[in-house]
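Notes follow once the structure below has been shown.
Order as written gives the chain letters A, B, C and D; numbering starts at 1 within each chain.
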Amino acid sequence: MTVSTDYTAQEIIVVAGAKVLENNKIVFVGTGLPMVATLLAIHTHAPGLIPVFEAGAVGPPLKHGLPTSVGDSKTFTGASYLKGLNSAFELTQRGFADFGFIGGAEVDMYGNLNSTMMGDYPEGYLKPKVRLPGSGGASDMAASCDRTILIVPHDKKKFNEKLSYMTSPGHLDGSPDARYKAGMQGKGPYRLITTKGIFDFEEKTKRMRLISIFPGETVESIQAATGFELLIADNVTQFAAPTAEEVRMIREEVDPLGIFVKRAAK
Amino acid sequence: MTVSTDYTAQEIIVVAGAKVLENNKIVFVGTGLPMVATLLAIHTHAPGLIPVFEAGAVGPPLKHGLPTSVGDSKTFTGASYLKGLNSAFELTQRGFADFGFIGGAEVDMYGNLNSTMMGDYPEGYLKPKVRLPGSGGASDMAASCDRTILIVPHDKKKFNEKLSYMTSPGHLDGSPDARYKAGMQGKGPYRLITTKGIFDFEEKTKRMRLISIFPGETVESIQAATGFELLIADNVTQFAAPTAEEVRMIREEVDPLGIFVKRAAK
Amino acid sequence: MEKDAKMFWTGLSPDEAREALVNKDKSMRDKRMTLKEAVSEFVNAGDNVGIGGFVNVRQPIAIIHEIIRKGFKDLILSFHSAGMAPELLAGAMMVRPDHCSIKRIELAYWGHEGFGLSQAWRYLAERGMIEFEDWSNYNMSARFKAGAMGLPFIPTRGPLGGDICNTSRTKVIDCPFTGRPIGLLPASNPNVGLIHVQAADMYGNCIIRGTDATCAEIAMASAHTIVTCEQLVSHELLVTNPKDIMIPFPAVDAVVKVPFGAYPGACRRHYYFNSDHILEFLGLIAPICKGGSSDALKAWYDEFIFGVESFEDYIDKFQTKKLFADQAAESYNCERLA
Amino acid sequence: MEKDAKMFWTGLSPDEAREALVNKDKSMRDKRMTLKEAVSEFVNAGDNVGIGGFVNVRQPIAIIHEIIRKGFKDLILSFHSAGMAPELLAGAMMVRPDHCSIKRIELAYWGHEGFGLSQAWRYLAERGMIEFEDWSNYNMSARFKAGAMGLPFIPTRGPLGGDICNTSRTKVIDCPFTGRPIGLLPASNPNVGLIHVQAADMYGNCIIRGTDATCAEIAMASAHTIVTCEQLVSHELLVTNPKDIMIPFPAVDAVVKVPFGAYPGACRRHYYFNSDHILEFLGLIAPICKGGSSDALKAWYDEFIFGVESFEDYIDKFQTKKLFADQAAESYNCERLA
């Protein structure tokens, strides 16, 4: 297959995100790129993927295109269940979501996410340096989906030893059974997709581990853009650049209006 | 109005029960005679009475007649809300039910009710002398309706100092704020209707107090049929016998099939 | 009673229930099977069974018949208010104790409202033949809801003040916000939920008309759920108005089309109670409780359950005009153009 | 922060909320009034306001316009994820601080998803102009649900492990059944709930299409609820299928027919987002956050809110063909015969 020559950072995230999703599983989809990746997965290798949106829709076929919101009318049509937020989160807390797919603004080595604030904490909580939108459903997905897939743009300022605020708990301090002891459910962060590669969390230490490198990056360049020491998998792979067909699908079929995948300036 | 000459004990309970209900209030209706009394009230002085049934229906017009069950299809048609048991009880716990209307098999002087078992308790709980159906929604109504109206056939064996089992708490031990201290809501038993008269619960002691005497009974005959000392209101009244029209309505319009109001043997 | 004992969970514990669901195949696949297959696969000795419907409304009677036909051992029944479903199981235990046994019941009410009390309940309880745990309707519904929500407990006011607190696993705590007492009820996660609905698709999406009772909660809470339906329709039709769907497909394991599946109880939009048949059956139980012979009851089971292959054969024993009359009675309750 | 302080309740405490509802006239009566009357009667200075909808879907925008027109002081906003509703209130506070002030927000998310971040949120928070308390979507929905259930709290797993536990009034206890930690969230009982729905009758029964969001819970939890609706229909039509009713009449105090009442947000079956108008408005807020002039924003409020008498006049400012286009876009999402 022809390799794309003009794919963007967002587009490779979408392609990588789609590939992590498995057919016939239930994925609780956060707003933004997770929606795009989910739709791409459905259009490609995972037609039986079952999306759940926090506003209430379970398993809509998404035949009317990419939703602008997780409460979009496009998520309601043909859904197999449609109530409200409590119902969507209750079924997740029960164990119905195999995957949770969330974005964040800051991440640490254990896959804990921040989407609340940047600045001094706790002193600066009520007057933060940068105020972010807040958890939305992310912390609920983090607490109750079986496994979570995280998306964070790769940037040294966002990959920190210590988060400004832990909005969505991942593997907490990485200690054995930390999540279980905290009363949480699910196995926690499964994959992290950044603008530079794909990571898992090493089984014993729960530390972020590079498993696949995006084109143009190296282990060294990725480590250099990370504010803590990464683990590197033994068999780290080179992630193939998106194909021209994948990029065409994103641009023409999945997000033709550029709602979440911004068009590169010509 | 002509007085009925052949009304039954059940029929006077129904008439008295209907009269206690106030127009434009919400009443959570238990199965049996409370349903008949509610329908009679709607057909007479309380057309704006709003019945709630524990299976889920709120405010049905009951145009298709008396339900056989609080989950009867006749309660669903034209209802202003219809979900399930959790919803009905949640709105009651919230404070939406002005009245709760419940029957019981045994009552004490504080309006606590038993509909679980007769026999030794706790030793005999798992092998009772007489096993009754169980709480149903009665204990929930007792805990959360603003005021409750009780119906118990008058019988010395059923009006006891100590209940075999307290299924539906009334005024508990009668001590000040007993219900509040127990975590309950609502004011507790408001009226008790028996086959012999109508009772309230004296404000200070919360003890059962005779306020109205059914035809053919006296203060003495009622006390004699009661296993504890009754309070007697200063202004105890004689309850008028049901009118022929009231009895006709019960027999021909409200419960023509004799579902809950049994026909006297000819 | 169980107050000081270590917590025991009927059915699955919250952690077990979570684990079972996580490991389950939740894909959108064809789940149609026969009632025999469904009961054989999902109802096992010792199981905690969650029973849907309310008293004699939309109870899973066809599934109960099949369970009796197959035979059942040490079942633990959980329901709020039920009528014919436990009555049929108990009657089977009375006539075929070798073949059928109930071990324990967690309930709010067992009786028949306008059709009278349950004599079978008195028979089993007063002879000390089974364990049981009293709750209220809201208590049981809330316990299923807690199970459906993936929580170990749910708070309610319901049990406060009375003896249900003392004979059940309720825990009363002081609310950490208000300081006032509040009841905490342990979740119920049955091994298998039995649900009858008006319409389903082959994936298990269910539409319920009239009261939802606590059917969705039972289905979501249970490790497995068997659904029977009056109408089995295409997925496309079923999802026309997604908000009509009360149980989503991942909560369901078996879908069986069984018209009259709640009969002789009632089913909104389909049929009203067959009072005669309910009263006739209850009339066969009563004499045994007073020490009479169980021959007539046994004959009833032999004719209507053990002597037939399927629930369809049972329904076939009714006069068509009686079935039509019960349908017509329900049409009166909720008139609609065909 | 508030962790060691004595519990404080925004809006009503559980006991106050109970008392308010018990004393309220819950009869089935005509509750139609104008938006001016409704806001004047039920929205007061210092009130805790529960905002329905989800981000820019079915938010009560018309009610928000009227609140701004009237002026508001020290409001406490509670919502899960919201977009234009708080944005309009915050923008009003930015241009008319004498007339409009938010004191505190309890929220999960304030932003616009595909339409971008909220600059007003950054403006207010980064300058320390308001109090706020972070929760998650499920946390806020569950808190409204606890309020609607008449409970002082509800358990969830949601806040465990993270900082929401530390900056909110969450209490973490060891589950008395399992021994594992569980979060307890305090109920939310706002003084007034603001809800936009697709259809209502004059008594306040409401039908909601598409997501219910947490609107029913907010309406049931609040001391008073204002409902705007796209269609005001007869009671008889509204109750044709009682299961479509998501909010029952006793939970509602005012019913106002306001077509396009969630515009420029979307409303299932009626209209899709007017993205241009949302982006245009957001574009007026952004420069101020960077120290620019608020003149353009002020001009917007003067033209679209302060300069008109009613929400109908605001809608009248849009080109008919744009309104029709947004209706057509929604028709595409859920095609139906008229």
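As a convention for this text, contacts are C-beta pairs under 8 Å (C-beta built on N, C-alpha and C of every residue); 3 or more make two chains touch, one makes a residue touch a chain.
If you're wondering where the values come from, they're calculated on a predicted model, not measured in any experiment.
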Could you name all chains that are in contact with chain B and with chain D at the same time? C
Out of A-C and A-D, which chain pair has the most contact pairs? A-D
From the C-alpha centre of chain C to that of chain D, how far is it in Å? 39
So the centre of each chain is just the mean of its C-alpha atoms; given that, what is the distance between chain A and chain B in Å? 57
Whole-angstrom distance, CA centroid of chain A to CA centroid of chain D, is 28
Spell out, as numbers or ranges, the residues of chain D touching 2 or more other chains. 150-151, 156-157, 175, 180, 182, 243
In chain A, which residues are in touch with two or more of the other chains? 57, 76-77, 82-83, 93, 144, 185
What topology does the chain touch graph have (line, ring, star, complete, other)? other
Pairs of chains that touch, anyone? A-C, A-D, B-C, B-D, C-D
Given the complex, residues on chain A that touch chain C span 24-26, 48, 50, 57-60, 76-83, 90-96, 98, 144, 146, 185-186
Name, in rising order, each residue of chain B that touches chain C in their complex. 31-32, 54-57, 64, 68-74, 76-77, 82-86, 89, 93, 112, 116-117, 121-122, 125-140, 142-144, 165-169, 172, 178-185, 259-260
What residues on chain C touch chain D, complex-wise? 7, 13-15, 150-157, 169, 171, 173, 175-178, 180, 182, 184, 186, 209, 243-244
Which chain D residues qualify as touching chain B in the complex? 17-19, 21-22, 25-28, 148-151, 203, 205, 220-221, 236, 239, 242-243, 245, 248-251
Considering the complex alone, what residue numbers of chain D touch chain A? 1, 54-57, 80-81, 107-111, 113-115, 117-118, 121-122, 125-128, 131-132, 134-139, 141-142, 145, 156-164, 166-167, 172, 175, 180-183, 210-217, 266, 268, 272-273, 275, 330, 332-334
